[in-house]
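Both complexes shown next keep chain A, but they swap its partner, so chain B is in the first and chain C is in the second.
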Partner chain A sequence: MNTVFALAGIVIKELYRRKDFYVLFVLTAVITIAAASVQFFHDSHIVRYVKDLCLLLIWISALLVTIAMAARQIPSERENRTIFPLLAKPVTRGQVILGKFLGCWLASGIALVVFYLFFAIVTGTREQNWPVLNYIQALLLQWIMLGIVTAMTLLGSIFLAAPSSTVTIVFTIVAGILFLGRHLNVVAIHNTEPLRDIIYTIYFLIPHLELFDVRERLVNDWGLVNWLDCLLAALYGAGYMMLFLLLAWLGFRRKNLSVS
Partner chain B sequence: MRKISPYWSLLLLLAACFTLATLFVPRAANWNGQSQSDDAFKLLLGEGRRLFANQLFVMGDVYFHSGYYPSMFDNQETDKDVADPAHGKAEDKGGDFLGPPKDWIEALNRHFVPNRHTHLSSGGATGNAKAASVEEILPWMKLSAEMNPQMIDSYTVGSYWLRAVLNKPADARDFLFEGLRNNPGNPQLLFDLGRVYDEGFHDTNRALNVWQAGLRHWQAQGEDAKTNTQSQFVCEEISMNLAHLEESVGDFSNAVHYLEIVKQVSPDPKGIQKQIDELNQKAAAPVSTNNPAH
Partner chain C sequence: MESILRTENLCVEYRARGLRQETKTALKGLTISVGTGEIFGFLGPNGAGKTTAINVLLGFIPPTKGSASLFGIDVRQPIARQRIGYLPELTYYYKFLSAEELLGFYAKIFKIPCAEADKRIDQLLKLVELEHARKRLIKTYSKGMQQRVGLAQALINNPDLLVLDEPTSGLDPLGRMKVRQIIQRLKSEGKTVFFSSHELGEVETICDRVAIIHEGELKGIGTVSDIVGQHHGNLEKAFLDIIGYQSQSTL
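Now for the complex of A and B:
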C-alpha cells in the first residue's frame, strides 16, 4: 500500500506545480465576486443567484482539473519513458493504476476543499448563515462523483490515443450524463422497440453522476440529504469506481508501453 | 548607443495606449448610434439578447419554486406561478409534475434534488417565511428586462413583488418607470404604476392621473389590441379602479362613466350593470352631509 501512496503523493504534488488549478480558481473567484458585487433593487440579502453561479463554476472547474489531470497520467509516463524505470522497481501495473487514481482523486479533493472554502466565505458573509454540514455533504458527494470521473478518465487514457482526445471524450460523456442521464428513462418510454430497450439499457448501465449533484438543494436551502441515502449513493459510486479501475487494470496489464 | 530599459519601453507603450484610448473611446461610443447609456448586454449580444429573456424569466419561476421545476422532459407548466398574483390570479397550489418514481435510480435520485412543490412567497423549502424571501427572484426579473426591454411581464411581476410583499414601492415605481421608458404608454405598466401610487404611496391623486393616462392609451390602441383578452382585462382593471376612486370621493357620475367602460369589456356585464344601478341610486338620493369633492 505504501507504493500506492508514494505514487499518489507524486500526483498530488503535480496539482500545485501546474497552473490549471490556480487559473480556474482565480477565474471562479473573479466571476463570483463580480456577480456578488451587483446589487439588485438596493437589496444586499439577495444571494441565491451568487450561490448558483459559484457552484456551477466550482463544478465545471473541478471537472476540468480532474479530467485533465487524470487523462495525462499514464500517457505522459509513456511519452517521457519514465514508465520503464517505474515498472523496473517492485511496482506492479495494478499499483500504478491504483496510485495514479488515488493521487488524482485526493488532489481533486484538495481542490474541492479550497473551492468550497471560498464558496462558504462568499455566501456566508452575504447571507450571514453558515450551514457547514450542508457544505460538507455537498463536497463529499461531489468528491465521490469526481472519483468515478477519475476512474473513467484513467480507463479512457489506457485505450485512447492522446490525452486531448481522452479529455474531450470523457468531458462530453460526463456532460451528457449530467444533463440527460436522469431523463433517459422518460425518453425510453416515449420510444418504440427496439430503441426503447436500447435507451433503457444505457440508462441502467451509465453511472448516474447526477445523483451526487445537490447544488439545487444547497442553493434553495432544502436542508441536509438523509445520510443513509448518501451512503447508498457512495456505495453506488464505489461500485463504478472499482469497475472502471478493474477495466483500466485489465487494459493496462496487456498494454504495449513502448512509444514508436 | 545607450540601451533603453524594457520598463521605459513598457511605460511609453502604456502612455501611447492611454492617449489613443482617450481619442478613440468617445468616438467608438457613438458608432452605430450607441450611447453610453446602452447596457452591457446590448453591447455584447446585440438584438440576440432577446432570445435569452424568456429563459431568464423562467429562472425567476424556478427560484420561486425553490428549484422544484419541470425540465424539458417533464410535463411543462404553461403558466408561470411567479406571475399569477401579479396578473390577478390566485397562486397555483398544484403542479406536482413528478408522479411516482419509475425505477430505483429515479427513486434514489429524488432524495438529492428538490422534491416538493413550494412557493417562496409561503416560506419556500423551509416553510419559514422569514428565512426564505421572494426577493431572490428579482435578479432574474431585472436581467430578463435588460435582455428584452419589451417583455412587459418582467416589469409587472418584478414590481408586484416589490410593492406587495417586499414593501419597496420606490423600487417598484423605478422599475416601472424603466419599463415605461422602453414601452411608452403601455396600459399594463401604467395600471401597475397606478397601483404603486395608490397602495404603496397612498397617493390617490397621482394614481388617478396615471390610471386615466393608462385608459387613454388603451383606448388609443388599434381594434386588434382591444379585443385581446389580456388587454381587455387590463382595461377592466384600470376602469374598475378608477370607478372605485371616483366613488370614494363622491363623484358618482364619473364612477358610473368608468363602470360603463368596464361593462363593455367585462365577462360579467350583468354584475357591472347592477353596480351601475346602485351608484345611480346613490347619486339620486338626497345628500345629507357635504361630500368632499376632489
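Now for the complex of A and C:
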C-alpha cells in the first residue's frame, strides 16, 4: 500500500500546484457572492435560490476538477514518459491505477471540503443556521459519486489517448446519467421490443449517479437521509468503482507503452 | 563471476497495426550476460535495438521470444527491479516537484524508512551537486541539472545494478565528466553498470566489456582491449568495422 499512497500523494501535490482548482473555486465564489448580494422585492426565501445556484456550481466545478484531473493522469504519464522511471521501480501497473484513483479521489474530496465550507459560510451568514450534519452527508454522498466518476474516467483514459476526448465523453455520459438516468425505465415502458430491452439493459447497467444528489433536500431544509440508506448507496458506489478499476487494470495490464 | 543480468535468445517483434505496415523485428536472438561489478557498454547505431533491449529488461515491453532475467528473476516480475536503478535517455520526471520531493517519492516506493531516506537524499544531492537547488521545482532546472536529478533518483535505493540509457547525451563536457566520475565511483563501490552510449571514447575509457548490436543482432561482445585488438585501431574503428560501415573514400 506504501506505493499506492506515494502515487496518490503525487496526484494531490499536482492538484494544488496547478491552477484549475483555484480558477473554478474563484469562479464559483464570485457567481455565488454576486447572486447572494442581490435582493428582489425583499423576498425572504431568496436564500433558497442562492443555495440552489451555489450547489449547482459546486456540482459542476467538482465534476470538472475530478474528470479533468483523472483524465490526464495516465495519458500524461505516457506522454511525458514519467511512466518509465516509475515502472522501472518495483511498481505494478495495478498499483499505478490504484494510486492514481486514490489520489484523484482524495484530491476531489479536498476540493469538495473547500467548496462546502464556502457554501456553509454563504448560507450560514444569510440564514443564521448551520445544519452541519446535512452538509457532511451531502458532501460524503457527492464524494462517493465522484469516486465512481474518477474510476470511470480512469477507465476511459486507458483507451482514449487524448485527455480532451476522455473529458468530453465522460462529462457527456455523467450529464446524461444525471439528467436522464432516472427516467430510462419510464422511457423503456413506452417503447416496443427490442428497443425496450435495450433501454432497460442500459437502465440497469449504468451507475445511477442521481442517487447521490441530495441538493434538493439541502435547499428545502428537508432534513437528513437515513444513514442506512447512505451506507447502501456507498456500497452500491463501491461496487461500480471496483468494476471500473478492474476494467481499467485489465486494459492497462497488457498495454504496449509506446516506446521508441 | 556471478551473472546478474542475462538475456537468452531474446527476440522482439513490433506487429503491424495496419495493412500497409510491416512487422518490424527489433531484436533477433540477443544473448548477453553481465557479471557482478562489471561496467558493460551496450553499443550500436541509432535504431539498432539498444533501447528495445533495455525496455525488455525493465519490463516495459514483453519479449516475443526468449527470456531476460535480473538477479536470476524473470524481468516480468516487479520484484526483479527491486535492486536496480534506471536512468532514461531523456529526463522524464514530475516537473511540478522539487528534486527533494522527487527523491522522497521514489524512496517511498522502495519503502525506505523516513530517517534513512532523508539521509540518503542529502548524500545523493551532494553527490550530484544539487544541494543548492534541492527545493526548486524541476521545471526550472537546466538540462544538465535534470540529468543529474535523474542519476540521483536512479541511485536512491542504493542499487546493485544501474541501467543507464545514454547517460551523457546532450550534456556539456563538464556534465559528461561528472557523470563519468560518478560511474567510476560506483564501480569502485562494486556496483554493476549496464549502459548504452554513442560516445565511443567514453565507453573505451570506462567499460570493462562491450557488446555491439546492429539491426537487432549481436555482432560482437568482449573486453574493450580484445575488440580493439582484433581490429587494429581504436574502438571507433572496431565499431565501424563490426557494423560493416564503409566510408565514401573506401567505396
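One rule holds in what follows: the second predicted complex is superposed on the first by the 255 of 260 C-alpha atoms of A that agree within 3 Å, B and C clash if a C-alpha of one lies under 4 Å from a C-alpha of the other, contacts with A are read in each partner's own complex, and residues count from 1 in each chain.
The criterion applied here is as follows: contacts are C-beta pairs under 8 Å (C-beta built on N, C-alpha and C of every residue); 3 or more make two chains touch, one makes a residue touch a chain.
Just so you know, these numbers come straight off a predicted model, no measurement behind them.
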Comparison of chain B and chain C by chain A residues contacted: B
First, second, both or neither for A:Val186, with chain B first and chain C second: first
Partner chain(s) touched by A:Val219 [first = chain B, second = chain C, both, neither]: first
Which of chain B and chain C A:Leu139 touches, first, second, both or neither: neither
Touched partner set for A:Val4, first chain B, second chain C, both or neither: neither
Chain B versus chain C as contact partner of A:Phe84, first or second or both or neither: second
Chain B versus chain C as contact partner of A:Leu232, first or second or both or neither: first
Chain A to chain C touching residues, read off their complex: 2-3, 5-6, 9-10, 13-14, 17-18, 80-92, 256-257, 259-260
Interface residues, chain A side, partner chain B - complex: 38, 40-43, 45-49, 141, 182-183, 185-187, 189, 203-204, 208, 210-214, 216-217, 219-223, 225-226, 229, 232-233, 236
Contact set on chain C toward chain A in their complex: 51-52, 55, 58-61, 78-79, 81-82, 84, 86, 88, 90, 92-97, 101, 105-106, 108-111, 150, 153, 157, 163
In the complex with chain A, residue positions of chain B that touch it: 63, 66-67, 71, 73-74, 102-103, 105-106, 108-109, 111-114, 124-126, 131-133, 135-136, 138-140, 142, 162, 166, 168, 171, 175
